[in-house]
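Here come two complexes built around chain A, the first alongside chain B, the second alongside chain C.
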Partner chain A sequence: MKPILLHGHERSITQIKYNREGDLIFTASKDNQPNVWYSLNGERLGTFQGHNGAIWCIDVNWDTTRVLTGSADNTCKLWDCETGKNLNTLDVKNAVRSCGFSYSGNLLMYTTDKTMGHPCEIHIFDVSDPSQMKTGEPCIRIPINGPKITSAIWGPLEQYIVTGMEDGEICQYDVKTGEKIHNVTEHSKQINDLQLSLDGTMCISASKDTTAKLFDTSTLDHLKTYKTERPVNSAALSPLQEHVVLGGGQEAMEVTTSSTRIGKFDARFFNLVFEEEFGRVKGHFGPINSLAFHPDGKSYSSGGEDGYVRVHYFDNEYFDFRFEF
Partner chain B sequence: MPSLADSKPISWAEQVEAGEDGSLPPATEDFDDHNNLKTITEYKYNDDGKMVKVVKTYKVERRRVPKSIARRKNWHKFGAAESDPPGPNPSNTIVQVEEINMQIILNKESKNQDQAEEDPLSKLKSQKLVSCRICKGDHWTTKCPYKDTLAPIQCPYKDTLAPIQCPYKDTLAPIQDTMAPIQCPYKDTLAPIQDTLAPIQCPYKDTLAPIQDTMAPIQCPYKDTLAPIQESLEGGDKKKQDDPGTPVGGGSSSTPASGGGSKPGGKYVPPSMRDGASKGRGETMKSARDESATIRVTNLSEDTRESDLQELFRPFGPIQRIYLAKDKNTGQSKGFAFINFHRREDAARAIAGVSGFGYDHLILNVEWAKPSGTS
Partner chain C sequence: MAAEKGDREVRKQKRSESAVDNQSDMKYEDEPEFSDPEDYVDDVSDEDLLGDLLKTKPKDTDSIDNVIIVDNIPVVGSEKLTKLQVVVKKIYEKFGKIVNDFYPLGEDEKTKGYMFIEYSNPNSAAEAVKATNGYKLDKAHTFAVNLFSDYDKYEHVSDEWEPPQPKPYKDLGNLRYWLQDPDCYDHYSVIYEGGEKTAIYQNTVHLGAVRDPTVVEERARWTETYVRWSPQGTYLATLHQKGIALWGGPKFDQIMRFSHPGVQLIDFSPCERFLITFSPMPVKSEEPQSIVIFDIRTGQRKRGFNCEPHAQSTWPIFKWSHDGKFFARLSTDTLSVYETANFRLIDNKSLKIDGIRDFSWSPSDNYLAFWVPEQNDIPARVTIISMPARVELCIRNLFNVADCRMHWQKNGDFLGVKVDRYSKAKKMEDTGQQKYSGIYYNFELFRIREKQIPVDKVECKDNVLAFAWEPTGNKFAYIHGESPRISVSIQCLRPNGKVDCLKVFERRTANHLFWSPTGQFIVLAGLRNMNGVLEFIDTTDMTVMAQTEHFMATDVEWDPTGRYVITGVSWWGHKVDNGYWLWSFQGRLLHKQQLDRFCQMLWRPRPPTLLPGEEIKEIKKNLKKYSQRFEAQDRLRQSTVSTEMLEKRRQLMMAYESYRQHAEGEFFATKQQRIDLRNGVDTDEMENLGDEEYDEEVVEFLLKVEEIILDEE
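Up next is the complex of A and B:
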């Protein structure tokens, strides 16, 4: 396959997401301009201009009309996807680490960092209520005691939010009451990424403890473990096949202090059920920070510390491959 | 619907080129409906100023997409991409030329193999990278656990005993080896010997005798070989001990005639009679120099002089020639020297003995010299 390289960012990529149909890719990086691209040919549709800090997270709603970005400049911004105009700016006390639209797109949530004396919190807004969006006062505010949230996603049916903590714990918070419903401590280090499967029944966590784990979204039962030897920054579930892709590598700050071997920044494909690695794709020359499968499962994208987003369309070889067991 | 097929060259370099010279024929675009092929013909000047015709052929693909996607395809670009023409901007979107394939990992064995290859450090672990100068162990000299115990024992022996007892060094050396591991109980008794030997270099009778005494209890296998030394010394005169001219009484001594006659104070031995010159008479000066017994000393300090080198290497055996590289103007050492020994064994011992030796705040590096033809 010949990947398409998207070079619209000047700094490392923090998160990439496809929209529901998969024709657009949204990319956020540590520079202050989130980008949106056509996934088919890598053409850049536009940039969202207005942030003043690193963008930690990006999400798009169900019908690709709104885009949500959370930034280290202590704001969370809502954008019109068609024109790239900033619709609302939600001022926060801290950097916004993780954000997302609920499935309906009517609710949005973001989580804040625990810095400068302010606690880590989950804020939930009703997008359809203009007064909320104007004042920046969330309708639900869930304070988190303990380690901060490093990754958060909506559960299916908008009942709860699944969060990954800095100490490796994964929790479920009820949206209405703000109570912690479940929590599991399967990981020993920070959760870098959480992603849902296509139907939302399973979620996969990527952790700095060099593993990715599969959980039942509703009960948080631990199902599978995918082991590597490097910190895992992102993991995604294929919507088409029983495949998992893991991306990671050493932290940028540690690259110079250890093995001289180049590479190790491959995207690694595992069988979902047997937890065995069956393929690798090279390309990035830095750790992969974010991975996303196209909703049709025939392509995937990876964004790396090197600032590039690489869009890969799978060869027939991939579809012909059958795991031997 | 934007696609790769719509791409036009819009990099600034090409725009500038196109604007510079209006005489270029305009680009043409043909569309072959039958085969869905689009052909774009362009003209430009290459680096040599010659006009080049560029024909690009694209295969146009039509896809059926949901309405929502089709609608989004017609959105106007915004933000930093606002001024981009339709199609991917080559400055932001690069289609990688080389093909990359997913490496398929078939079984666990290959995976394990891969892991073994991946860690170059593990391979190196089996090899001996560093060698301790004190115990020859696999660590740096400064990390040697015997640094404080063995080092002081070995070093003074080498420096003081070896030069004096030169002809018998080969026979004495094993004693050192046997003593060292048993934490030499005679260290204390031997030490004073050295002190007395080193400065005077002469009264062997009084000082060597205790060696014999101390050796006796450990059933010294060299007792027999040492005895003649004493005899010869007792019966001998005040000659330097390393004088090879004296035939030593004990036949057990393996190298009775070693050492060079060139030593100051030694009895003169004609060059033709010396060991290194055993090839016969009438040789030219050049061939008389035995290249095989030449060592190269590097990492010398600038203040080093030939006399220093002579002092340093004389203990190992007769030296034929010392060449110290000097700066023509300042006369200071350039940091390396060649020492021609008469015998290759002496040279080998010198390498073993002095390499890594600290001298004038520097650590000497001694190795075999390459034949002069190549240098």
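Up next is the complex of A and C:
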């Protein structure tokens, strides 16, 4: 399995996403310029220029017309995907930590950091309402008391938002009332990533406590745990098979003191049901920060602290492999 | 008496005052009457009046505590009495000033075989009793010394002997139950979570079938620092601030407790009868408390020792002989050997050996080896003596010695002494210490079992980093050289007085040697700064069975049967990736166990086998027959393990499938909502169709038209 290396970022990758069709990869990095690539050959399609700070999060709507980016320059920007034109800039008091389009693409949300005396909040906008987008005044504002949100995603039917907290808690907030519907404390440390399964019924969390866990999205029932020895920065569910991929490694702060071998920067594949590891993919020379499966499940991409995005197309052996049971 | 009188007068005055109160109209003209009436009886005792003074009043019995009785002194006539007096005086003078001594004489003018000594204070008397009771004057006379004040007590000892109440026997069960396991699984202890948790695991792993270890017992905060197994595996010792606890039996019940505040280090006698404990806490009592020896079965404190801070302080300070009958310790120019029969020095005196630097017991006989460095013109020497007879069995003189290290082979057949030698020595002027240069090495190999203990000499030019005997054979291995050119040599002692070099493994990453307890196999390990490189070698034909690594390993432990090796990364040595890995003796990785802040792993030792030598030979002869049986068992186990695993997976899959059915049901129920949200586009369907939707199409078009006119010739 020879990966395609996407070398266009100058600093560490923070988040990568495929669009719904899987022909494009959207990558965000600390170097202020989100990129779009063809997933098939790794050719760069373009960049979104305008941010003045590290980009923490990126998302694309279902019909690949709009792109949303959240940055440490205290803005969240909406872009036209085709032209790369900046449509709206939403000014925020703090760095934007995570953002996302709802299922319909009509709503967007982002979460803010808790710094400089401003609380952590979830803001929700109606994209179709130009007044909201102009004034930057959200239609719904959910203040978060306690530890800040480190990762957030929309629920499958845009009724609620699932958030992962700095202390390892996972919560559900009702979009209409702003109330906390459910919460679970299965992780002992910060949630680094949350991703939905293809049908949205399950979600997987990646935590600094060296594990990834699978939950039922609507009830937040804990289903499975995948254990490693290093902080997990990202975890993704295969849309094709009962597979999970985990990425992480020694924390970026400690990396300089350790060799790549001790850092364990491999992407690790687990069986979703048996929680057993069955494969590893080496390559990054820093921790993996973000992982994404292609919507057809036949390839996946990883973005690392080393600034590279690696697109892997699976060999036939991968599809032939079966667990006995 | 003056005070008494004054007091009486005061009383009288009081009395008269009350009289005045009664007759208030009386005038104060008369002098008050002070004398007692005729019939007045003083009802105040001296005790009330001057109790505090009376306490210091000398009593007849006061000096009685200063007197001791010395029994079993020789019976001598008057002509030898002075000589006896001189001898006795010499012994007892050192405990304090002797005020008086008295030798009762019989009618025949001979001493009666006992005498009295009075000291100036009771402390001296007590000291004298403690030190000289049991003192051997000569063969026929052993002093029995008592305080005179105790005499009374001993006189009234009842004539009837009352047997002491036997302690009710507590059945501890079979403390060696774990040896009866039909599958010969071994136990090991593991401390993890930074010392919070201690667990005993059963190594339920077979070479053919790998299974997770089974937890036998797990307790939180079982120990405050670390644990130790007794040498034969019967007890598990846990260390606490207040002392030591021993655990054993199938449920790991507490068997005994020993109080020793601040205990840090412990050591068992080889036969598991005694426990030596060390605490660095300063002691207030006069009893020596730093090092204490306990009897394990009774829990009794047998003897305490002081620990001289300046003495060389490598634990164990006391070294045990193999049978636990003797234990010895080294101090400046002396070697003190004690007997466990009475916890005294053998023959009441230490061995005086000028300049003795180190000593070591043979693991199989009561032989002691020690070495003495060069002094003036006397060469350095290594001496082997037998105990308790103190017969010198062998002396080896050595020249230009900087240091010696003694290594006994486990069976006690050989003693290897690594000698560091120098070509030049210079005395440092400021410190007075010797500074050596041009160091080279050699091994002096003593064949203990052969007549007159012949010694072979093996030279080694390189720096020697480690040395180890094959525990049950005649081979030894050592690591030599300077990094990065480090070699491991394996040599063999032949019966005819030759030493053969069997193999030199060159350019190896190793700093530790671990022989299998049953010999033949050796693990070369590069621990800690060598990143945990491991090499498994079979020394019968010197094949390297496996070259592997456990990154940053800090420990290597062979199981007591020599079937498995565990390598660990201890949190005490390295802060990440703590855990232990289990290997077969051939270096095949069987199991990885990552444990949060794993600290220490120790195999439970096994007692020596009870099978006589012939039977072991018999088994070895018919090994094929047995191995067939065990291989069949292994195959069976392997299939059960895989069926168990498959069964587990099947269960998981069933549970998951039922969950998915439910989830998918809900998913389809909301299909219409999804279609509505995306303006009537059913994205569920498009995804399921996948590739078939798209057909590959080849589009050809002209990029450029070029006309080249060819020469028409």
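Note that in this section the second predicted complex is superposed on the first by the 316 of 325 C-alpha atoms of A that agree within 3 Å, B and C clash if a C-alpha of one lies under 4 Å from a C-alpha of the other, contacts with A are read in each partner's own complex, and residues count from 1 in each chain.
In this text, a contact is a pair of C-beta atoms (placed from the backbone, for glycine too) under 8 Å apart; a residue touches a chain by one contact, two chains touch by 3 or more.
Everything numeric here is computed off the predicted structure, so don't read it as measured data.
Fit or clash for chain B plus chain C once both are placed on chain A?
clash
Report for A:S104: first if it touches chain B alone, second if chain C alone, otherwise both or neither.
second
When the two structures are overlaid on chain A, which partner does A:Q33 contact: first (chain B), second (chain C), both, or neither?
Once the two structures are laid over each other on A, A:Q33 reaches chain B alone.
Applying the document's definition of touch, where does A:E324 land relative to chain B and chain C: first, second, both, or neither?
both
Is A:T64 touching the first partner chain B, the second partner chain C, both, or neither of them?
A:T64 sits against chain B, while chain C stays out of touch.
I'd like to know which partner A:E82 touches here: chain B for first, chain C for second, both or neither.
In the superposed model, A:E82 contacts chain B only, not chain C.
Looking at A:G46, would you say it contacts chain B, chain C, both, or neither? Reply first, second, both or neither.
first
Should A:V281 be classified as contacting the first partner (chain B), the second (chain C), both, or neither?
first
Could you figure out whether chain B or chain C reaches more residues of chain A?
The partner with more contacted residues on chain A is B.
Of the listed segments of chain B (218-226, 272-280 or 326-334), which one clashes with chain C in the superposed model?
Residues of chain B that clash with chain C lie in 218-226.
For chain A, which residues lie in the overlap of the chain B contacts and the chain C contacts?
In chain A, positions 63, 229, 261, 324 sit in both the chain B and chain C interfaces.
Report the residues of chain A in contact with chain B in the complex, numbered from low to high.
Spelled out, the residues of chain A in touch with chain B are 1-8, 21, 23-24, 33, 35, 37-38, 40-49, 63-64, 82-85, 229, 259-261, 266, 269, 276-283, 310, 314-315, 317-318, 321, 324.
Report the residues of chain C in contact with chain A in the complex, numbered from low to high.
Those in contact with chain A are residues 551-552, 576-577, 579, 594, 646, 649-650, 652-653, 656, 659, 663-664, 666-667, 670, 673-674, 677-679, 681, 683-684, 687, 690-691.
Spell out the part of chain B that touches chain A in their complex, as residue ranges.
2-4, 65-66, 68-69, 72-73, 75-82, 84, 87-89, 91-108, 111, 115, 118-121
Spell out the residues on chain A that touch chain C in their complex, using ranges where they run on.
Per the stated touch rule, the residues are 20, 62-63, 103-106, 156-158, 198-202, 216, 218, 223, 227, 229, 239, 242, 250, 261-262, 272-274, 295-296, 323-325.
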